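In what comes next, chain A is part of two complexes: it sits with chain B in the first one and with chain C in the second one.
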Partner chain A sequence: MAVVCVEKVAIVGASLAGLAAVRALRRQSFAGEIVVVGAEPHRPYDRPPLSKDFLTGAVTTAGLALSPDDEDLGADWRLGVTATGFDPRTRSVRLDTGEVLRADGVVIATGARARPIEHVGVHTLRTLDDAIVLREALRQTGRLVVIGAGFIGAEVASSARKLGWDVTVVESLSTPLSGQLGTEMGEIVSRLHGDHGVRLLTGVPVSGLTGTDRIEAVQLADGARIEADLVVAGIGAIPNVEWLAEAGGLAAVTSVPGVVATGDVTGSQHWTFAVEHPATAVASLLGADPPVARAPYFWSDQYGVMIQFAGHRQPGDTVRIVEGDPEQRRFLAVYERDGQPSAVLGLNQPKLFTRWRRQLRSVPQEA
Partner chain B sequence: MTEIVADAGRCVGAGQCVLTDPDAFDQSDEDGTVVLLQAVPADDEALKRAQIAVEICPSRALSLTD
Partner chain C sequence: MLQPVCPLSEIPPGEAYRWETDPPVAIFHTEDGEVFAIDDTCTHQDASLADGWLEGCEVECPLHASRFDLRTGRVDAPPAKLPVRAHRVEVADGVVHVELSKEPPNLPPGAKP
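Here is the complex of A and B:
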């Protein structure tokens, strides 16, 4: 555990993971200098509502602030500044302002960005600025096509439906969410779309988009053409690691003492990882004992149904309903491997879910 | 004296607080939203757990007052 004497920490990324890293440093009694660099001009804000209550207007920009105004963390926030390069040997971050920020410890928390589809009238949703533009576009109603039935796509479909849009969701996988929930549960959860009058087309990739001045239609590989006034693509995220390319990439720079990574940039896309893992990352920077890590957890709110998942599901795990009824869209399902619970899924079963999730913690998890 | 304040109206029932400190937090039987068992943290360790619970609450339904 050869850890350099840490007097100054640079945190690159000023979203949830960056903020959690600042708080963890202070909680772990770090009294030195903290500089936070954030590419977006905004103070840390909460992303999960962007696809839900923010789009429907129930939450405003002010309601998204993650840090109360009176929270004094003693950090220097450099917002609207982008990191463009990194030298791990000297722990120097090059900024687009021309400055070089040198620190004893560096936390890489630059997150990820939405995988784009470059076409007029096609939106992605990742940042507050994306959400403001999309919310504006959703003010009138019409025909929305959502490309990708993952969590972001499903939540946008749910919000747009609530606003009165005619919504079609297209998904190239034969079962939405099968990667996260498995085929059986992915199929059950994706029935929520049909329950609420949203068309779901699965197993067909998008082959093209038509319209020159404005979007007109989404073209599918089977020849179908779906008329659209607005398209939202929820087709995954790309980690923001380009600024590390010269230095050999993320894995190379984090093998250097004094450099750690946390949050979505690591490939995780879970809110709870971004809020909890920084404490572990920061502990390794300071040479302190890391806190106990929990099994991954995520939640989604679609059409008023609270979906929660925790654990390490693997292909081949069996799944059974232990409470409730999938037909009622209110149930608890437990995934098992070798007779032990590996993961748990709940729909509108928050209390029972927590009870099962607590049991998961006692199951040894691979790192 | 620091006190935990819970807004059950904002709460989505994720249960993050219950996992952080089961002595201070529970979830209601009806809708799974937060129920405070111990609003005033008894010692420094309990206060630390309360701060963590506030930070990792996905609906930001928890706060601390002085």
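Here is the complex of A and C:
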């Protein structure tokens, strides 16, 4: 539903989705005032390299910038400022500076944070500051235990291995990545760890951590104890919605006209959604036609293998290899439902993958 | 200097051809029948733009969402920040000829020089 007259837009969250929302507003000819509030002190930067080339040193902080220095979007960037409350009725955002920011349209793009494990020597990875600390800790080598074999955990394992660490990945699911890729493909993709000398222990949850002034070991529920000099937890993300609690939460505030949400705060965890969806969110604020949405897409980079996935996979979809050989870790797999392709997975197959990804777009998708 | 590369008939409209010169060059034959040549390697990471998603006069990198203008080499938005070089193309007697740009290429960190 469109607001009658939008003269001022407040964007809360100054990262990928927030920046994409600013760009989309200007591209959709919005000439009014834009204020962007971001809790981190940094200009928008790219997170995917944080677990990959940034840890190994191939990419520097400057290389993460998402906005060229000469890009002038005419927005007021309020960095290092946190939103602490919201009144959707008046579209007023309360800030930790004591100020109240009132706007005609509000874009909620506060993303997510890493689910923590509170223990000395246990790192999580979500922000540039996290990555700088972890990169420093990885300067010496030793024994690393990664808790969680999801994409970020797997990428950290791959980067640390490249730096010469002895790496063990522990995962409570019996097949890593089965939620995203299904059991069959999750199993094939997680063989990458073993290919590169990383131990993968699945199906056993962590039961405890030992060490008082430094981490000593990770304890598993089956009694195993894995010695560790460093532990990284990649056990999921929690949307940053606490500042909306007194207003009834995310679903309640976005049911009010003039308030939209986009990016990881919505529960998505993919870069491409945070880049593309803001144009749709902003169009609904301005009362404009939304752009055509493409099938969801994400990638991961592990041990030099480019993993790409697009589409809407559902439990029960069948999957078959249409090209290449899983043993070579180079193949294309297509998921099907009712004889129609629903999703596609590629390992080191960018050309074919792109071809299939394009076809998915024309297949009607239920949201 | 114009160099012959391949017969145009080898590149169906909507497709691209990767010319293995150093650094490699991607030659695009658009749906509208135009032919363009730009550096093949994305300026963000080591991806081949010939593998990308061609739409009109733009190609989207096959890995991340940056789009390059085939006419100018310019990039629309990060993660890639630097343009690729655009090369002059001529089609003579059904053969694609390319004159390589004299500017230095913007290769990504870690790409083979």
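Going forward, the second predicted complex is superposed on the first by the 365 of 367 C-alpha atoms of A that agree within 3 Å, B and C clash if a C-alpha of one lies under 4 Å from a C-alpha of the other, contacts with A are read in each partner's own complex, and residues count from 1 in each chain.
Here is the rule we go by: contacts are C-beta pairs under 8 Å (C-beta built on N, C-alpha and C of every residue); 3 or more make two chains touch, one makes a residue touch a chain.
What you see is a predicted model; the values in this text were computed from it and never measured.
Undergrad: With both complexes overlaid on chain A, does A:Ala58 touch chain B (first), chain C (second), both or neither?
TA: second
Undergrad: Mind working out whether A:His196 is in touch with chain B, chain C, both or neither, as first, second, both or neither?
TA: neither
Undergrad: Can A:Arg337 be said to touch chain B (first), chain C (second), both, or neither?
TA: Neither partner.
Undergrad: Report for A:Val275: first if it touches chain B alone, second if chain C alone, otherwise both or neither.
TA: A:Val275 sits against chain B and chain C alike.
Undergrad: So in the superposed three-chain picture, is A:Arg113 touching just chain B, just chain C, both, or none of them (first/second/both/neither)?
TA: Neither partner.
Undergrad: Taking the superposition on A as described, I'd like to know which of chain B and chain C A:Arg27 touches: first, second, both or neither.
TA: first
Undergrad: Taking the superposition on A as described, I'd like to know which of chain B and chain C A:Arg135 touches: first, second, both or neither.
TA: In the superposed model, A:Arg135 contacts neither chain B nor chain C.
Undergrad: Go through chain A and flag every residue that touches chain B in one model and chain C in the other.
TA: The overlap between the chain B and chain C interfaces on chain A comprises residues 23, 46, 48, 66, 68, 271-272, 275-276, 299, 306, 308, 350-351, 353-354, 357-358.
Undergrad: Taking the complex as given, what residues does chain A use to touch chain B?
TA: These residues of chain A touch chain B: 20, 23, 27, 46, 48, 66, 68, 271-272, 275-276, 294, 297, 299, 301, 306, 308, 349-351, 353-354, 357-358, 361.
Undergrad: Would you tell me which residues of chain B are touching chain A in their complex?
TA: Its residues touching chain A are 12-16, 18-19, 22, 27-29, 31-33, 48, 51-52, 55-56, 58, 60, 63.
Undergrad: Which positions of chain C touch chain A when the two form their complex?
TA: Per the touch definition, chain C meets chain A at residues 47-48, 50-53, 62-65, 77-79, 81, 109-110.
Undergrad: Within the complex, which stretch of chain A touches chain C?
TA: Against chain C, the touching part of chain A is residues 23, 46, 48, 53, 58-59, 63, 65-68, 271-272, 275-276, 299, 306, 308, 350-351, 353-354, 357-358.
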